[in-house]
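Labels run A, B, C, D, E and F following the written order; every chain starts at residue 1.
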Amino acid sequence: MVNTSTPIKAESKNLNFYYSNGHLALKNVSMPIYENKITALIGPSGCGKSTFLRCFNRMHDLYPGNKYDGQIVMHPDNTNILADGVDPIEVRMRISMVFQKPNPFPKTIFENVAYGLRVRDEKNHRVVADKVEEALKGASLWNEVKDRLNDLAFNLSGGQQQRLCIARALATDPEIMLFDEPTSALDPIATANIEELMNELRGKLTILVVTHNMQQAARISDYTAYMYLGEMMEYGDTDTIFTRPVRKETEDYITGKFG
Amino acid sequence: MVNTSTPIKAESKNLNFYYSNGHLALKNVSMPIYENKITALIGPSGCGKSTFLRCFNRMHDLYPGNKYDGQIVMHPDNTNILADGVDPIEVRMRISMVFQKPNPFPKTIFENVAYGLRVRDEKNHRVVADKVEEALKGASLWNEVKDRLNDLAFNLSGGQQQRLCIARALATDPEIMLFDEPTSALDPIATANIEELMNELRGKLTILVVTHNMQQAARISDYTAYMYLGEMMEYGDTDTIFTRPVRKETEDYITGKFG
Amino acid sequence: MHNNITELAISPRLAKNIRRNIKERMIELILMLAALSAVFTTFAIVAILLYESFGFFETVSLVEFFTSTEWTPLFEDAHYGIMPLIAGTLTTSLVALAVAVPVGTIGAIYLSEFASHKTREITKPILELLVGVPTIAFGYFALLFVTPLLQIIYPDLPGFNMLSAGLVMGVMIVPYIASVAEDAMRAVPMSMREGSYAMGATRFQTALRVVTPAATSGIVAAYILAISRAVGETMVVAVAAGQQPNLTFNPTEGAATITAYIVQVAMGDLPHTSIGYQSIFAAGLVLFVMTLCFNIIGYVVRKKFREQY
Amino acid sequence: MSSEHIYKQYDAELESVRAKVLEMGSLVEQQIVDALESLVKSNAKLAENVIKKDHLVNDLEVQVDEDCSHIIARRQPAASDLRMILMMIKTITDLERIGDEATKIARFSQKTQETDRMWTPRFAEIRTMANMAREMLHIALDAFARSDSAKVLKIAEMDQQLDEHYQMSIRHLITFMLEDPRTISMSLEVLFIAKAIERIGDHAKNISEYVVYMVKGKDVRHISMDAMADEVRD
Amino acid sequence: MSSEHIYKQYDAELESVRAKVLEMGSLVEQQIVDALESLVKSNAKLAENVIKKDHLVNDLEVQVDEDCSHIIARRQPAASDLRMILMMIKTITDLERIGDEATKIARFSQKTQETDRMWTPRFAEIRTMANMAREMLHIALDAFARSDSAKVLKIAEMDQQLDEHYQMSIRHLITFMLEDPRTISMSLEVLFIAKAIERIGDHAKNISEYVVYMVKGKDVRHISMDAMADEVRD
Amino acid sequence: MQAQDTQNKQSASVLADLDAVRAMIRRHKFNDLVFAGIGLIALMIGLLTLLTLFIDLVMDGYPRFNVQFFSDFPSRRAGSAGLLSAWVGSVLVMAVTFLSAVPVGVAAGLYLEEYAPKNWFSDLIEINVSNLAGVPSIIYGLLALGLFVYGLDLGQSILTAGLTLGLLILPTVIVSTREAIRGIPVAIREAAYAVGATKWQVVSDHVVKYSQGGILTGVIIGMSRAIGETAPIITIGALTFIAFLPPSPVTDVAPFLNFEWLSSGFTVLPIQMFNWLSRPDHAFHINAAATGAIIILVTLLMNGTAIYLRYKIRKNIKW
């Protein structure tokens, strides 16, 4: 069912996750993330989608007391990014993230996109300018902002801001991009633009996206994983999941029989 | 196309609306609201859906400088609720509203539902208690809260809070209920519950609902109006609007060809 | 037919309308009068200051007021140059700011970005307590604790000096700046920080490059409000800096500030219409105008910050 | 169908379409029975009835199609719900065709009664075939009603038998015509009836194949019976 | 199809299914042409080709059905998009049937070549009919490709003519058989071919009716030609 | 084999990159550490000062912590001087302050948030309030001196002092009232209006109720500021040596209330402290220290209460 000829970019193996209050939010989650494909995570609220996603860039390390147990192995180098010896900052340099609400920095458009490079001590102006342009083009934003790169990012519309955040993430050449409900704060038109953009990134970038909106997962993803109560209930290619899921739970969720 | 045998409960006639900054947010909007049916308003963000909805309970009167021009006629008494002589408070006693985000008062569950009665100077304890129970039953919440009516409303989940707000509105026996994106702050399961509840209210109550979510309009409404840039582009029964709309603009919006 | 029925149903409501509306109007009127008290107070302040200063400036020319380098209104040989008082005020304020701005800002950054949740929860209230300590206590502290301490290091320091008054005032203002600046930084949404961390930034990079710029106007507002407070501060300087008008910017000397002068005059029982009595209003007017300027700037900056989030 | 949707209305809508499809099925089944009865018993009234009732079937087809399109537009069905709807959209086309074939038989029946009654012997074979086809349709509809995908095997087998019967009856008819050329015209009518019955069997088989799609999500059209058995089993 | 969807992928998916349907259409059209050619020119190879290629049509049917179900599940089509998808789901069933009928003709063609060549005269009529049916299919597919609902009227008219041709050819065949009972077996084959062609016409008409549904959102099945003309016009 | 090779190479290059990256990260993290140290020191400065200040006062003043200190009038002899007239004065002045500032402040806050139309008039009030909050306290003293003492001829009385401090904390009360009200979401108001409530019903049933805690916090903070306020009281000319108590507010004859105390002369705690502090005799400095410790204790208690209240409110209300 799953196309096995596509290389695997990352793989979670028996991943458990405990929040600082002891809550076990992920239970033995194993799944592959295929290279240059879009993988969507769906499931009812509180099932652990965001928790799972945020394991990939060790975002949980920002808040003390959280505990990982299990592995997330990146390929081709076979690094377990959850291992104790691995610095979260190093992980975040390889794996970018785009958040639910557009969160541009209070800087100019240019500086927003350049931020990742500055953090990486890139001093060469030419290199920075080129990268910024490339990233903005990649995020389909270049044409709209090329004449006002020095405007404050806050002056952009919500959808543009979100594309700016995507450009910011793109500028650092990440190996994987994480999206946590990237459109739930946007109106339908901006949503469609972001979805279309993700569609264009497919094939160039490995994407893992959490979405509340089942239909969105159906529209944009190649593979879909259905999570429930911290467990991975079913994983498969999107066409299959949406037309003939294997498990009753998935079927019920997809056809609106939960409750 | 539109079922003309259903009585009309209210009707907007050539309604224009100006915000205090002079912005003309509604342009000559005319449409009927059929009795005991669900009418949905859809359209891109900023098209004036909420503005239109809030004319029905004169919510705009709370903010000075806004101006109505045109009529909203209620039947059977033929009152133009926008007329100068009509007290907005009186209008609000006939037409209830449920908001985007659940907004219970920081009071007990009981007092939340009873509030509308208190405002109407209802002093009889029996009457109040009966009405509250009835309203909570009407909002499918009674079974979940009957043992803790004196708990603070904030202790309920988001979906329950929204149903509490519906109960609060129901308790005053409104003739029309307005819903302004009632589920956009809720997760899919709570959303489905609210939609199912609205479905149960159909036939007992006239409902006007604004929704961002086209599919929601498709699921729950009997009639659908498509608004664009403050104008009513198309109005018709929901089946027709979603399978063979007349206007190109509606078609494009519904099939996702905007942009 | 229909119309009749509904009219009957509505008319008792209409009757209630009128009573209801009168009640609503009355309440609004009362509340408005209360709000006007603020305007009244301002006008009263301005009027009193102007009125009494008017008497003062009938005797003293504005030129002398602003150019004379001596302030001895109570002496036989009276001079009316406000400059010494302003110099004293500015010097103590600058010393205070020199302490409060760096300490307050760094403290704020540490609290909002580095401190653990627990540290923050404990430290923040203590800082707020510091704001509540009566200034007279700080005056005592400056005069009887800090000055002797400083005299160990610097034996020539006079008993009344602006340095110790300024230093204590600085520490007194630290929580002001730290608290307001930290609020401003905390108002920067967590999502923005997560955005930065997600790019691989460290805490310090995030604090310096993202949080601080985002909170700039809030932090600046904190500084300005702190200046205004330093300028208007009375008891610390009155107690510890001495009450001798002295045109100097050397903090190791003693000097009177505007506020200290007013206290000094008010302590002695001057006759109501004397020039000495009037002089404190003239000095007060100057002080009022200075703080007003800072307040307005601070207000504007803070408002701008509020609009941002 | 097992658990219920959160949206009761949705359940109701699906149920209503499903009921219409089943109603259409029984209408059509009755048409087959009546058409045959009219043929065998020379009951002109019955034949007329079959023909008159055809519009009911047509109306139901249009209705179900419209209902299904409304459900798709309004409910965004997925997985089993979607498969059921697509299945029904296909099924009604076949049911409508079966109705047409039944009507065709009824028309021949009317004609036959106008002419002579010498054909009764041939009817025995036709009757067997018709019963078989009716049985197939019945099983297929039952499989739909019960979401029973396994029945497709039985129906496929019956369809093969029916085809054999049909081939045989054609051979018989040819012999018949050769023996007595005066019967040619009449024989042709019988041949068309046989052909119609054979088609009914085909349509019933189609429906049972759709049931497999609905239940298992697998397309078993155009594959061998062995392959089909594999698909249905697991 | 006029303006573009915000989702280019969606446009691409719709276009791809549409292309498959059209491909299926031309495959089937070619099958008709080839089957007839093989019959007329006694070209056994061609006949075999037609039979061999039938699986291509079947495969396309399965593919389009799957694609459409995926689009419905993933894109929640509405309005014209939805109508187009439903239309295609129906259309391919008819196309597949046309393919079957063409294959059937090809089979007869093979048989005919094995036996004798005395039947050529009858082929003239068959040929006319077949051309007509092919023409109808062509117009229907063209109407689909161009979203031209008006063509349904022309096709309905042609279908009537085709039906008349068919009735006539049956009468001719009966006369023929009566004249020379030895030809009965062969005549029946020709009769089946005629019948197949008549069915092709019917299927083409169905497709053109679906086009009306796709373009106008109106169901013009089972109604009189006049009513149809009304619907198409406004 | 080949594939294996390229894969190895690829991972090798990734790892080489990683070494550079790791070195960079180490550098960055060192900066973190340095700054954290500096920050901790900065915070300690404030906290340690407070601690030292308090300990200093307590150590200096501890000989005077006894009952007599509270029950004696001031005296020329440091050893027998007490705080009686000062703390009674403080209590009475605070009463006047509370009664004058709170109703007016809350009403003004309500008007500004709920009633005032958005125009030049409300802007005027707004700017006034925020400016008043920043006006140095001594200016209030001047205002009171010109207005209450001489203008209205109220004299250097408890009433004058109370009203002065009332004006002084008025902006605090108004601002905290407004902040508290502003914390109530528009949605709550609209919800109440939507079921047909009138404006006053909305204000009294909801706005006032839900902002009580916030207002109370503001009032306590304002009062604690007033209690330690020295400059304005000096300015209006409070007496520094008072060996009598004002007439009692409660009497034994009807109507049991007596308002003479309002116009009585008075002193308050901080004035007493300032007075003792200004004397050259070190013995009086001990009295000053003891008084200072007491004032700090009182204000700390009040502030502590306010902070606790705020914390509790924040925890309970999640809009």
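What we mean here is this: a contact is a pair of C-beta atoms (placed from the backbone, for glycine too) under 8 Å apart; a residue touches a chain by one contact, two chains touch by 3 or more.
Quick caveat: nothing in here was measured; it's all calculated off a predicted structure.
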| item | value |
| --- | --- |
| Interchain contact steps from chain B to chain E (minimum; 1 if touching) | 1 |
| Number of hops, chain A to chain E, where each hop joins two touching chains | 1 |
| Selected pair, greater C-beta contact count between B-F and A-D | B-F |
| Of all other chains, the one whose Cα centre sits farthest from chain D | C |
| Interchain centroid distance [CA atoms averaged], chain A/chain C, Å | 47 |
| Distance from chain F to chain C - Cα centre to Cα centre, in angstrom | 13 |
| Approximate Å spacing (C-alpha centroids) for the pair chain D, chain F | 88 |
| Set of chain C residues in contact with two or more other chains | 202, 205 |
| Residues within chain D bordering two or more other chains | 6-7, 10, 69, 73, 76-79, 82-83 |
| Sites on chain A at which at least two other chains make contact | 89-90, 93, 120, 189, 192-193, 214-215, 218, 242-243, 256, 258-259 |
| Touching residues on chain C, where the partner in the complex is chain A | 116, 189, 191-192, 194-202, 205, 209-210, 213-214, 308 |
| Chain B contact footprint on chain F (complex, rising order) | 117-118, 185, 187-198, 201, 205-206, 210, 317-318 |
| Contact set on chain F toward chain C in their complex | 25, 28-29, 31-32, 35-36, 38-40, 42-43, 45-47, 49-50, 52-53, 56-57, 60, 103-105, 107-108, 110-112, 115-116, 124-125, 127-132, 134-143, 145-147, 150-151, 167, 170-171, 174, 198-200, 221, 224-225, 227-231, 234-237, 270, 273-274, 277-278, 285, 288-289, 292, 295-296, 299-300, 302-304, 307, 311 |
| Of all residues in chain B, those that touch chain A in their complex | 44-45, 187-189, 192-193, 212, 214-215, 256, 258-259 |
| In the complex, chain D residues that touch chain A | 2-7, 10, 76-83, 216-218 |
